[in-house]
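In what follows, chain A forms one complex with chain B and a second complex with chain C.
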Partner chain A sequence: MSSENTAVLIKGENLRKEFQSRVGGKRQVTRAVDGVSIEVYRGETLGLVGESGCGKSTLGRLLLRLSEPDSGTITYDGTDITNVNMHDYRKEMQIVFQDPAGSLDPKMKVGDIVAEGLELHKIGSSRAQRRQMAQEQLLQVGLGPECMDRHPGSFSGGQQQRIAIARALALSPRFLVCDEPVSSLDVSYQAQIMNLLSDLQKKLGLTYLFISHDLNVVRRLSDRIAVMYLGRVVEQGPADQVCTSPRHPYTQALLAAVPVPDPDVKPADMELADISASVPENGCAFLPRCPYAKDACASVKPQLKEVAEGHFCACHLFAEQ
Partner chain B sequence: MRSSGSATKKEASARLRFFKNPVSVAALIVFAVILFCCVFAPVVSRYGYAEMRVSERFLKPCSDHIFGCDYAGRDTFARVLYGGRNTLKIAAVATVLAALGGMTLGIISGICGGTTDMLIMRAMEILSAVPSLLLVILAECLMGWGKGNFMYAMALSALPSVVRLIRASVSQVMSKSYIEASRALGVKGLRLVFKHILPNILPSVFVHLTGTFAEQILLCSIMGYVGVGINPPQAEWGLIIFEGYASLRTAPHAVLLPAAVIAVCVLSVNLIGNGLRDAVDGGDRSDG
Partner chain C sequence: MTDNILQVKDLTVTFPTATGELYAVRGISYDIRSGETLGIVGESGSGKSVSAFSLMGLLKGGAMVEGEALFDGQNLLQLDQSRLEAIRGKEIAMIFQDPLSSLDPCFTVGNHLTETLLAHRQISKAEAKKQAEEMLNAVGIRNAGRVMNQYPFELSGGMRQRIMIAIALLCQPRLLLADEPTTALDVTVQDQILKLLKRLKDQNGTSMLFITHNFGIVARLCDRVIVMYGGRIVERAMVADIFRNPVHPYTKALLSAIPRMDDDKTRPLPVIAGQPHDPHSPFAGCPFKERCPMADEKCDAMPQETCIEENHTVACWRYLQ
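What follows is the complex of A and B.
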C-alpha cells in the first residue's frame, strides 16, 4: 500500500476517543471511536455509514481535530497534525453539519457568516472585497446577492444548507467532512444538495468524507464506503462491492433495511436483535446481534482482513479464506 | 420548516410584540413616570427632602403636600422622590455590577467547564447561602459604612443567580453546531465570546436582569427599613417606611403612600420583564 501513500490526503491511525458520563452516580465510559484507522484518497468520496451512536460523527470531528483524540495520529497531506496548532490547517479542511438551521449563527447576516473565515484568515484586502468573495461563494451554491443581508432564519432548510456549504468552501478547502448533510432535509432538497455537492466536487477537486446513516444516500455519492459499528470499522471497500456483495453480517443487515420504492417487493428478511448492553469485552462487538455467531466471536476481536481487492472486512466468518 | 422565522423579523417583531401588549406598555409608562419624577425631583417637587416645618407635622395629604408630611414636618412626596433617586440608583448600579460580574464568571464557567466551572459554581452556592442582610452587614463591617460598599454588597447578593443563568445560556449556545462550525473556521477565544456567544445569550440575560432590578429595589428598601442602608437624614424608600412606621396609627398616610409607590414601581418593573420575556420567547411559541 506504500506506493499509494501520495494519493492519501488525510489519514487517521488507531484513533481512539472515549466519553465519560455519569448515570445515577455510576461512571460510564463510551468508546465512541475504538481504534479506527482510515485513509481518504485525494479527490474521492469516502462514505461512512453506521447507525446513530456508532461514532461516525466523532470520527469526522477527530480528523478535523474539532475534538482531540485520546490516542492515535492524524496525518494530513504527509504531515502529522495530531499535535500542531490547527489555525493554518483550518482553511484546508471544513465541515458541513446535519442541522443547517443550528449550524448558522441566528444573530449574524448571511454575508458575514460566509465571510467570517476570510476575515479570520486575512484573505482579501478589505471588507468590501471579502463581501464580494462571499457573494461569489453564495452564487456558486445557487444563492443570489440579495441573500447577503438577510438572517439565516428566513431561509428554508435546503437554502440554509447551501449557505453552510458556501461558508465551508469560502476558504477553498481541499477536504470537506459532510456530517449527514441531507438527513434533516426534505427528499426534494436532499437530491438538490447531493447534486450540488457532487458538482462542486468535480469543479473544485474536493475530497469528501461523507457521513450518513442512510446507505442509499452514501451509495450515490461515494467511491468507497466504510461501515462502522460501535466505534470500529467493520467493513470497508469500493462502494459497488460493499453494496452488491456485502461481507459483514452488519452490512448485510443495513442493506436489507434499505426500503425499496416498490410496493410489490417484499422486504428482505434479515432482522437483528435489539442492541444489548452485554457487548463482549474481548470478542466481536456485533456478537449479541449476529445471526452467524460462532465460538471464536466471543473471545477474539476480529481484525480487518482483505476479502477481495481493496475490500476489507472484520469478521471471523472470513478467517479461513 | 419556516418555524424559526427570520431573525431580523424576529427581533423587529419581538419589539412589536412588546409594544402590542397593553400591560407591558402601561407598565413601561408607569415606570417611566416614576423614574422621570425621581430624576427631576428638584423640579417636580417644591420642597427639599430635609426641609422641616414643625407646624406641618403629620399633615394629611392636601393640595400643597399631596402625600402629606411626616413626623418631622417634611413633605413626604419630596422624600419619596429623593428617596427614589437613591433607591433606584443603588438598585440599578448593583444590577449592572452583578451583570458585569455575572457575565464574566458565567461565560468563563460555561466555556471552560471542568474544574474551573466546578470552583465558580461552588463559590456561587456558598455566596447564595449567605442571607443578603448578613452579606450587607458583613460588607459594611469589613469595608466600612458607605453607599459604595452597600452597592457592592447588594451586587454580590444578586451575583449567584446571574452567574447561574449566564452559565446555563452559555452552555446551551456552546452545544449548537454554529459554534463548532466557527471553531472549524478557526474562531476562538474572545472573538467566539463577543461575536457568537454574547449576541445569542443577551435577550434572555436582559429579561433576567429586569427581574434582578426589581428584586434589588425591594432589597434596597428592606435594608433601608432595617437600618443598614442609606443614613438619615437622606431619603430612601425603606427608610421612609421605617420613619413613618412609629406613627402608623395616627398618620397612616406617611407609610401607606410611599409603600404604594414602592409596590407600583416594583410591579411595573416586573411587568416590563414579563412583557420582554413573552416578546423574546413569543417568536418560537405562537408564530408557527
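What follows is the complex of A and C.
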C-alpha cells in the first residue's frame, strides 16, 4: 500500500461513553464504549462487527460527534475535532441508518429530503439549482427524476435506503458511517445496496465505517474488520484474515454461529455460555463466556497485541507470543 | 397419505384495503409430515407468515381466508372460536419473531407459563408451577425458580425467546409453528436457540413449520422446504436438493444473492433486478414474471407444479413438459 493509501482520515483515541439508566429503581451505568482507539484509513472500508449492545453504533456516532464522548479525542484529517463546532465538518461526514423508513420524514417529498442538507449549508444559488443537484444524486443511486415529488412512504425498503444514501451523499462527504444499512432489507435488496455502496466508494473515493452484525456482509465490503465486545475492540485486522483465521475466542464463536447455507456443513460445536454471570471489573469482559479462560483473565484486562501483520487481538491466550 | 399431521389445500388469504384487495396468499397447498420440520422461505410480502397465521385464526383486518387446513380430520379454517382455542396452545403452538411483544409486560414469567397450563389441563396451581419450572430447565434456563418471578423486561432477548419456546412446548403440542423466531436475536444466541429447537424436535418428535428468510437456517434445521414468492409456492424440495439443484429462477437468484464467507469479493453480488410482486395486482400469472430473465408470454398464466425428481416440484413453464 502506498503511504497515501494508509494515511488516516479519521481517528478516535481512548474514546469512552457511559449511559446511565434506572432499572427497577436501581441506578445502572452502561459502559457503551470503554476506551476504544480506532483509525479509519482514506478510501478504505472498516467493518465494525459485534452483537447488539456491544457499542458499535455508539462508537460510530462518537466519531461523527452525533453523540459526545465522555473522554478521548477525535481527529479528522489531521485536525482535532473533539471540541469544535461541527457545522463545517458535517459536509465531510455523513451517516446512513438501519431503518430507512424511520430516518426519512414521511411528510417531505423525496427531492426536498435530498436537497435539505444543501439548503442548510447554503450550497447552490437557487432552489431550482438545488433541486437539480438532488436529482443528480438520486440518479447516482439508481432513482429517476420521477421520484422527486413522491413521498418516501410510497417506496419499497430498498428504494428508501437508496434515498437515504442519496441524502447522505448530497453534501459530497468523504467519510460515511453506514450503520447496519442492509440489516432490515430482504436478501434481494441487500445485494443491490451492497453493490451500490461499493460502486459509489470506487467512483467517489469514499471512506466507510460499515457497522453490521452480519459477518458475511461485513467481510464482503470491508478491507479491515474490527470486532467489538462489551465496549472494547477485541480483534482487528485484514477482513479475510479475521474471517478465515480468527484469533479471539469471541470472534471464533461469532463465526461459528453463522448458519451456513449448505446442508453438508455441520454446525460447529463451539457454544458460548449465557451472559448471566457478571463481568469482572478488572479482567477480560469476555471471561464469563470464554471456553479457554485462565487465571490471568480474571485480574488483568487484555490489551490489543499484534499477532500477525496488521492483525491485532486482545486476549491473554496470546500473551506469551 | 395418513402420516401427514397437517394438510393445507388451496389456501387463499385476501385483505380488503383502501387501495383495493391485497392478495397475500394466492392458493397454496402443502402437507406437513409427522415429525418433520418443514421450512417456508421467502422475502417480505411473499405470504409466508400470513399462511401460518391464517391456520391459527390469528389474522386481523377482515382477512378473507379460503381453502382447507386439515388437522386431525378437522378443518381449522371452519372451527368456531372455542374449539380453535382448545387446539391452539395445546395441539398446535406458535412462536413469534418478537418475544417482547408476545409476552405481557405486567405478568411474571411464572404467570405466563402456569396460565397456559391451567387453561388446557385439569391440574392444581402447585403442579402447574412444578411443570413450568421443569420446562424452563428443559429449554436451558438455569435458576428457573428465580426466573419464574421475573418480568419479561428483566430478561435478555435470548432468554425471552426461550420463555416463548417453553410456553409453546408446555402442553406438548404435536405441531409447532415458528415464525422467524431467531430473526431479532444475535447470531450467537440464534445458534443456541436453533440447537435447542433441534434437540427438542429430536427428543419429542414434534412436527414443525419453520418460517424464515434465511437459507442458512433452512440448511441447519429443516427436512423439507417450500419457496414462496408473491403469495404462491414456486418450488418445494428436500433440503439437500434445494441447495444441490435449485431449479426455479427465483430460487436460483435468491441463493446466489446471499453473501458467503468464501465468495469472490472482487465480483459484484448477483442481484435480482426489479421490484417485488405487487400484492394488489390481480395478475393471475407467474408472480416472478416481471423480474425473471427467462420470462415469455406463457408466463401470463400460472404454471402447474411439476415433479422433476422425487419430492421436488417446481412451478415454472420451463420445466412443464
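Couple of notes before you dig in:
One rule holds for everything that comes next: the second predicted complex is superposed on the first by the 314 of 321 C-alpha atoms of A that agree within 3 Å, B and C clash if a C-alpha of one lies under 4 Å from a C-alpha of the other, contacts with A are read in each partner's own complex, and residues count from 1 in each chain.
Going forward, a contact is a pair of C-beta atoms (placed from the backbone, for glycine too) under 8 Å apart; a residue touches a chain by one contact, two chains touch by 3 or more.
Keep in mind the model is a prediction, meaning the values are calculated, not measured.
Aligning the two structures on chain A places chain B and chain C side by side, free of any clash. The vertex angle at chain A, taken between the C-alpha centres of chain B and chain C once both structures are aligned on chain A, is 70 degrees to the nearest 10.
Once chain A of one complex is fitted onto chain A of the other, the partner contacts of A:227 are absent, as it touches neither chain B nor chain C. In the superposition on chain A, contact of A:156 is made with both chain B and chain C.
Once the two complexes are overlaid on the shared chain, A:254 sits against chain C while remaining clear of chain B. Look at A:63: by the touch rule set out above, it reaches neither chain B nor chain C. Look at A:217: by the touch rule set out above, it reaches chain C but stays clear of chain B. Once the two complexes are overlaid on the shared chain, A:206 sits clear of chain B and of chain C alike. In the superposition on chain A, contact is made by A:263 with chain C only, not with chain B.
Superposed on chain A, the gap between chain B and chain C at their nearest CA atoms measures out to 5 angstrom in whole units.
Shared contact residues of chain A, touching chain B in one structure and chain C in the other: 156-157, 186. Partner chain B is touched in their complex by these residues of chain A: 61, 64, 66, 86-87, 90-91, 93-95, 97-99, 101-108, 116-117, 120-121, 150-154, 156-157, 164, 167-168, 171, 186. For chain A in complex with chain C, the touching residues are 23-24, 51-52, 156-157, 186-188, 190-192, 194-195, 198-199, 213-217, 219-220, 243-244, 253-265, 267, 271-272, 274-276. Taken in their complex, chain B has these residues touching chain A: 1-2, 4-10, 176-178, 180-187, 191, 195-196, 199-200.
Considering their complex, residues 43-44, 142, 154, 156-159, 186-192, 194-195, 213-220, 239-240, 243, 253-255, 257-261, 263, 265, 268-272, 275-276 of chain C touch chain A.
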